[in-house]
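Working notes, structure below.
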Amino acid sequence: MEAPVTDTNRTESTHDVDLDKVRSEILSKYPTKVARKRAKQILVKPGGAGTDIPEIGANVRTVPGILTQRGCCYAGCKGVILGPTRDVINIVHGPIGCGFYAWLTRRNQTRPASDDSPNYMPYCFSTDMQDENIVFGGEKKLKQAIQEAYDIFHPQTISVFSTCPVGLIGDDIHSVCREMKETLGINIFGFSCEGYKGVSQSAGHHIANNGIFQHVVGLDDTIRGGEFRINLLGEYNIGGDAFEIERILDECGISLISTFSGNSTMEQFANSHTADLNVVMCHRSITYMAEMMEKKYGMPWIKINFIGARATAQSLRKIAQYFEDDSLTARVEEVIAREMPAVNEAMEANRPLCEGKLAMLFVGGSRAHHYQELFSELGMKTMAAGYEFAHRDDYEGRQVLSSIKVDADSRNIEELSVEQDPDKYRLRKTEEELTSTGQIYREYDGLIADMKPNTFVIDDISQYETEKLIEAIKPDVFCAGIKEKYIIQKSGVPMKQLHSYDYGGPYAGFKGAINFYREIARMTNSKVWSYVKAPWEKEPELTATYAAA
Amino acid sequence: MLLRHTPTEITDRKALMINPAKTCQPIGAMYASLGIHGCMPHSHGSQGCCAYHRSTLTRHYKEPVVAATSSFTEGSSVFGGQSNMLQAIDNIFTVYEPDIISVHTTCLSETIGDDLTQIVKKAYDDGKVPEGKHVIYAPTPSYVGSHVTGFSNMCKGIVSGFAEKTGEQKNQMNIIPGFVEPSDMAEVKRLATEMGVKTVLFPDTSGVLNGPQTGRYHMFPKGGTTVEELKSTGDSMGTLALGSFASSLAAKFLDTKFKVPCRVLPLPIGLVATDRYIDTLRKFAGVTVPDSLTFERGQLVDVMTDMQQYLYGKKVALFGDPDQLIALTEFLVTLDMVPVHIVTGTPGKEFESTIADLTRDSPVPVNIKSHGDMFQLHQWIKNEPVDLLMGNTYGKYIARDEDIPFVRHGFPILDRVGHSYFPTVGYRGGLRLLEQILSALLDRKDRDSSEESFELVM
Amino acid sequence: MLLRHTPTEITDRKALMINPAKTCQPIGAMYASLGIHGCMPHSHGSQGCCAYHRSTLTRHYKEPVVAATSSFTEGSSVFGGQSNMLQAIDNIFTVYEPDIISVHTTCLSETIGDDLTQIVKKAYDDGKVPEGKHVIYAPTPSYVGSHVTGFSNMCKGIVSGFAEKTGEQKNQMNIIPGFVEPSDMAEVKRLATEMGVKTVLFPDTSGVLNGPQTGRYHMFPKGGTTVEELKSTGDSMGTLALGSFASSLAAKFLDTKFKVPCRVLPLPIGLVATDRYIDTLRKFAGVTVPDSLTFERGQLVDVMTDMQQYLYGKKVALFGDPDQLIALTEFLVTLDMVPVHIVTGTPGKEFESTIADLTRDSPVPVNIKSHGDMFQLHQWIKNEPVDLLMGNTYGKYIARDEDIPFVRHGFPILDRVGHSYFPTVGYRGGLRLLEQILSALLDRKDRDSSEESFELVM
Amino acid sequence: MEAPVTDTNRTESTHDVDLDKVRSEILSKYPTKVARKRAKQILVKPGGAGTDIPEIGANVRTVPGILTQRGCCYAGCKGVILGPTRDVINIVHGPIGCGFYAWLTRRNQTRPASDDSPNYMPYCFSTDMQDENIVFGGEKKLKQAIQEAYDIFHPQTISVFSTCPVGLIGDDIHSVCREMKETLGINIFGFSCEGYKGVSQSAGHHIANNGIFQHVVGLDDTIRGGEFRINLLGEYNIGGDAFEIERILDECGISLISTFSGNSTMEQFANSHTADLNVVMCHRSITYMAEMMEKKYGMPWIKINFIGARATAQSLRKIAQYFEDDSLTARVEEVIAREMPAVNEAMEANRPLCEGKLAMLFVGGSRAHHYQELFSELGMKTMAAGYEFAHRDDYEGRQVLSSIKVDADSRNIEELSVEQDPDKYRLRKTEEELTSTGQIYREYDGLIADMKPNTFVIDDISQYETEKLIEAIKPDVFCAGIKEKYIIQKSGVPMKQLHSYDYGGPYAGFKGAINFYREIARMTNSKVWSYVKAPWEKEPELTATYAAA
């Protein structure tokens, strides 16, 4: 289990590594059954233009015992989707750990409207289930916990999350929630997001989408904001990304009705169906919401991306294109023109420090795709990328959606049946009108399409594979999560967390791009890595006793 | 205010825990397993547990933390996790090649009722465990006790998995250092070594969770207690268990099963507790305390007497793990400081009586709670303000809201470094703690001084 | 503002020193003398010098600091201090019974022109020095150099007073640790011992100025280099002088007079300088570096790589003693930090060129001054603000006025404890410095964060 | 050189120690000549009432080589008297050390009138004399330094202090000051306070008094303040003592025209001759000023003491008595009545913790006398006391003044010849009027009169004597200075600095008394001293191998 120290001045040669050979070597270590499974999830993107996008194994079970980056359904539901919303009391029903680990660990920043606006995010609420609750059932305790939360805090909304044992012992959290909702007269609902559901966090995203859609979206029909009204989907405001995007949208005169979910409130979710367009950042975690809202309320969605300066400009233009308003288009161009000089200056300053260097990205959701924008702006090549919890469409594009087989693990995650709302449905634009805007809606081409030839695409990469990749390709920077960070750095490779940003950020939008350029230039040029070897390791021989000059 | 919704008025809660001062068993078991050389911890449950535990340990130690998981699916939850675990054992030994797999359970596998003894036996029987390799295990249901309990259970799992009695007593002492930092484990060992006592210290995460940057990643670094050492624990002269919550279970197991006599002591944090550790070891092993340790002790007493005016009567709120709090409370009382609010999330009535006993001469009423939470601690502080807060990183929210000097201590510390490199046990550790406490108090003094009372010499 | 009269605009000063970054020679000599076992330092001048030096050393170490004085009166100032000194030698040996009296001069006795060589000879001739006892001495005029110069002169006084050559080389190295803390001296020695190198380290104030509280006062505690060891320095394999300003003079004396080859190295503060110390010792003594030290080194590198983002590009202002500043500057540069204003009060042009060389790749212009003062440093900071200030306790006034995170380092530290117990030299010392720097920066980050960006995990 | 650890519960027995025997033992260690000298300076106060005050050796040279508490003339002049005044630039002419050591080390607190009022106390100004200045003279550098100080700071006053070498090389600082005073048009004057002058700080006090009296007092005749106008002499505002006294005087309606010198300004000194009464705290350091002012300007002085609650009350009454005003007397009594309950409460709370315990006090000036008040209020006995730099009158009372022989060391310190000021002299009260106020002026009975029988009075105590005293008498608290602090504490005896108060205080006045009670109760009851011995030192024998229960 050793990866050698990276030496400097070796990036050129590693462009020529035979990736198929590396792949074979990796697979050879596994037991046959495991190797067969992993073979489907480890692709080398073929060279040559115009080649078809190959099929990849994704959203399948992790093999027990193989060290994975993945978390659980609960993490996807409570940790990712519901975590960043400040005006709800999220009660974790279960033993204390699940609540504890999801407490303030994701850097979701939030900005309450005023000093006395609700913000429960710094709190951790749990029923702290004990022995006897497992044996005799926890419903009574849950009910009491909701009552106590209400008595102390008087929130507008309480939600409940089931953890593994809750499902097994059969606590009916939904009926408890319904009962307490009636009793207390506030919105209370639950999520059956037990950790064992699905194969990764992904199941939890879906469950969270369903819950918010059913219990919150559509509750408030007030029309707020200005002329150009959108929801931003799949932006969790890690390190202030959402603040930067909010700033840019605001300067463009675009009203953000809600963000799912970063710097967000239940109030905004309740009102979100009144927007005119959904723009989707994270294709994996939140597109459910875009699709359900379109069906029920009639607004279309587009995939956008605010990671990378060019991507940000492009995304703004796409939004303007939808609204087909000259003044908006002009204003968007104005903002882009105003922001880009500083971005270009930073890009030019840092590019010479980064050009030709190699990156690897293994993070969940869409980031392993989006961040390639920023690396490419720095002249860096992404040699390997993959997702933690993606489905095939995230890799291959939505055109494969119909061909994805639903397996046992996915079948258990409810697919809501959504109908047009008899009162609130409002078709924003007909298909013809959409087509005439000159862009494609409800589309995403996936990660593989954007990868350079002769690069790795790996789904649910294992610790073992990570080490082997580093050994073979010697990247200059590796992006993943906290569990991977110090393992990678021990090999002498600087590692950037793209979940938490290592207390950095924002990296979205224009200012975020500047931050990222500087960060990567720092990481790949820092002196500290040159001190890894001690002098006596470099020159171990001894020259008898020292003779003084 | 960050914790803007915390009211001063305290109401009784029976069901809702808010801002816990504990987490669950498995992470403690994982930490203990990492203190065995060549060991891969294995979490028998759904993969989120393992991910969360690895993340939290990684953030605290800023070091690689590896562990495998049975990756339960809905199917395994219904039909039991045996097949997942057998498959995992096979894969781990094949791909990662550890010497040992150390399995702990989760609320999930415990609720299902998976029988580890039986599954592990089957793994051996089926030839999934290569010759010379080992699988050990401990039940660690998340809904009982806390992370400290999990640590304790795994310590027992370690000795029950390895300890043997040859009948020939070895001139060595077993020391179970408790749920402390790698630096603390090294210091506990150094003190014993300085006294000329040979020890088997387990678990021992020093060198594992505070390892060097060498440019090569070693999944199983040099540190950790070896199998050979662990086997010999049944032949030792005796066992010192440091911290009754974390360490007494394993020590008593060795006593009961192999007649290795044990003594359970508080963690050697602070002067008196370190004295007790040293003196017990002296008597147990029949050695003389070397001048070097008496010298270190004297240095600590020296700073205590010199700096006493800054400490005397200062009120302190503490939260964390029971063994840590018991030792810290004793140290603070020794320093003439006044611990007034003391909360652990770990259940256990003996905690409250022990602390009550240590603070019986307190000039003010003392609030003590086991199985409490930080919400309650915060409310107590609002009602009776303190001069200092000590606890893990989560305390920073209270410290900022209430503007209290804050010393980070305990698990987890997610926003500073140092804890894994510099011990707080032993006399040197006492000096470090004292320096931290004094710096916190004096920094505050400097900050709050008017210009006329801002001074050079303190 | 405490320093409300300090203008941003910098004007040239030729005569007025404001807020010095140095003090005078005799205190350095007194400190060096305290590192000799059984030695009573003696200040040949008026009694205020001795009182001031004892007070300052006492405030810094919070330990007994004894020294005698010739108690000059106006009469002695006119007629010379010989009679006072002879009387003093007699009284000291009678009443306090040291093994050694170590005399240093002052501006007063130097201006008068007292000849120590002659007076000491007379003391011996007159039988004022009991059998087996010693009087050594060094000229330390206060109007030349600084306290560092005084330390250096006394180091030379020590070897010129004791060193002998028997002709039989001893398998040992002389190490002159420089004007550093007792803890640093112990650490320099520990590192050598860990390498299996026998050393004579002098002076050695460990155990003297960081001694234990035992309930008994010992005027001459166990610590300090012994006469026997000092005598043997002429037979050593070589001398390592750490810090050219403080230690090279004595090393060169041994080289010239006894042909003991010497190497002058920067103080082993930080990674690279410690590497240099270890590697030089390795080559000099022909030993292998043990894994334990490579491990310590790796721990330091580990924290450097892990925490690099918090350090990178941070601007630092530094003041203090030249040997300390040279080593600190190198360490900061190694950490990708940016030392921008560096002032020592000690004169010496080589200081400026050495620092300029270390900072030659700096992204911003660097202000460097030897024989400068803190007033100028403060003005530089006003013109080019910094993220961190490092220096002795006097820096707290600038830190408060300019609201800069402040790490106390150097001499004197009058308002905190720790420096005399925990080294900043060596790899462990580097870890401590790094922890202090990080804590200062992160505490500030926490303080200045808006509520929305105040975070748990850093 | 060892003193044994103090054991507890031993105070009773030590009352019976034979002090004469202790004295003999101490003296026996010294060489004959030294013993003879010290014998005159070490007194045992005889038992029995009505005995005469014995004569003590004081203000004589310290024997070279005998470790003394004393400092130098410069320390007394610059450090003590001139240090606490904020609106003057004090330039130390000499090598850097003298300036450095006196820089902010005395805890003189000061409170400028506003944020832009001058306060030079945090600064250290020095000519930093070098080699060549010693050889070729430093006058030119001094002149240049004054010019630079003026150019940068534009102060109203600059003063200059000579250090040892300056006197020897013959720099005429006074002519430089006169010249620069003329050139710059501000007040500039110097002090020839070379360290070797006199036998202790005392010489420096006298020189400082002379300088301020000659160059500052009387410059401003403006009448300020109310009806009852006094100067407070010998209060240096360590740890805020002066602030507390100011508070009390203010509440009594007494106007403080100036304090020599704590929280003080040159402006106040210039105006101080307009006050109606001088009250003297520190008899040693500042009575010169009281006497000179009385001669030149006509106001009388009384010795007062604000250390101790009863002493404070008594001192206020003495001031009121002088003014013979019923409303003032009433107001003083009102203040005392208002302040005393809290004092008494603290006294009663802490007295049981301290009663019967023993103290020793060896500090300069009057503190070794004054602080006995506070110890006695706590029921503690002062077993030994003495001064660092006192004269015989400080011990024996002013009645011995005429019998003190002036020796060579004192003769060199100038005695100003002062005459009535032809314009500004104003006799406040005739001798008859003074007598009719019912109290005695210009009087001080000294320390010995207040000591209990069978106690030690020791002048200029040496380190060796300190150790022997501790060994023989085992005090519960020892008061001295920083140099002594840790030596004493290493013997297991808590030590209180009465120069700097160990970052404590204020201890003057009513609130100060409360602070002191608490401080001494803490020190003499702290648990930390009980941990000095390790368990294995208390019970070193080994009980074979431990047998488990």
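The chains carry the letters A, B, C and D, assigned in the order they are written, with residues numbered from 1 in each.
Please note the rule applied: a residue touches a chain if its C-beta (ideal position, glycine included) is under 8 Å from a C-beta of that chain, and two chains touch if they have at least 3 such contacts.
Chain labels with UniProt names: A, D = Nitrogenase protein alpha chain; B, C = Nitrogenase molybdenum-iron protein beta chain.
Keep in mind that this is a model prediction, so the values were computed, not measured.
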Give the chain pair, either C-D or B-D, that is connected by more C-beta contacts. C-D
Distance from the CA centroid of chain A to that of chain D, rounded to the nearest Å? 70
Chain B and chain D have mean C-alpha positions lying a whole-number Å distance apart equal to 53
How far is the middle of chain A from the middle of chain B, if each middle is the mean of its Cα atoms, in Å? 33
Can you list the chain A residues in contact with two or more other chains? 103-105, 486, 489, 532
I need the residues of chain C touching at least two other chains; which ones are they? 1-2, 59, 62-63, 211, 213-214, 294, 297, 301, 304-306, 394, 397, 414, 455-458
Identify every two-chain combination in which the chains touch. A-B, A-C, B-C, B-D, C-D
Show which residues of chain C lie in contact with chain B when the two form their complex. 1-2, 59, 62-63, 207, 210-214, 294-299, 301-307, 393-394, 396-397, 400, 414-418, 421-422, 428, 431-432, 434-435, 438-439, 442, 446, 451, 454-458
For chain C, which residues count as touching chain D in their complex? 1-5, 7, 11, 13-20, 22-27, 42, 45-49, 51-56, 58-59, 62-77, 84-85, 87-92, 94-97, 106-108, 110-112, 141-144, 146, 211, 213-220, 345, 375, 394, 397, 414
Chain D partner contacts - residues on chain B that touch it in the complex: 237-238, 255, 261-263, 271-272, 275-276, 278-280, 282-286, 288-289, 294, 297, 301, 304-306, 308-309, 312-313, 333-336, 452-453, 455-458
Quick one: which bits of chain A touch chain B in the complex? Just the residue numbers, please. 1-6, 29-31, 34, 61-75, 91, 94-105, 115-116, 118-120, 122-131, 133-134, 141-145, 147-149, 151-153, 163-165, 167-169, 194-200, 408-409, 412, 462-464, 467, 481-483, 485-492, 532-533
Contacting residues of chain A [partner chain C, same complex]: 103-105, 107, 109-111, 240, 486, 489, 494, 500, 502-504, 519, 522-523, 526-529, 531-532, 534-537, 542-548
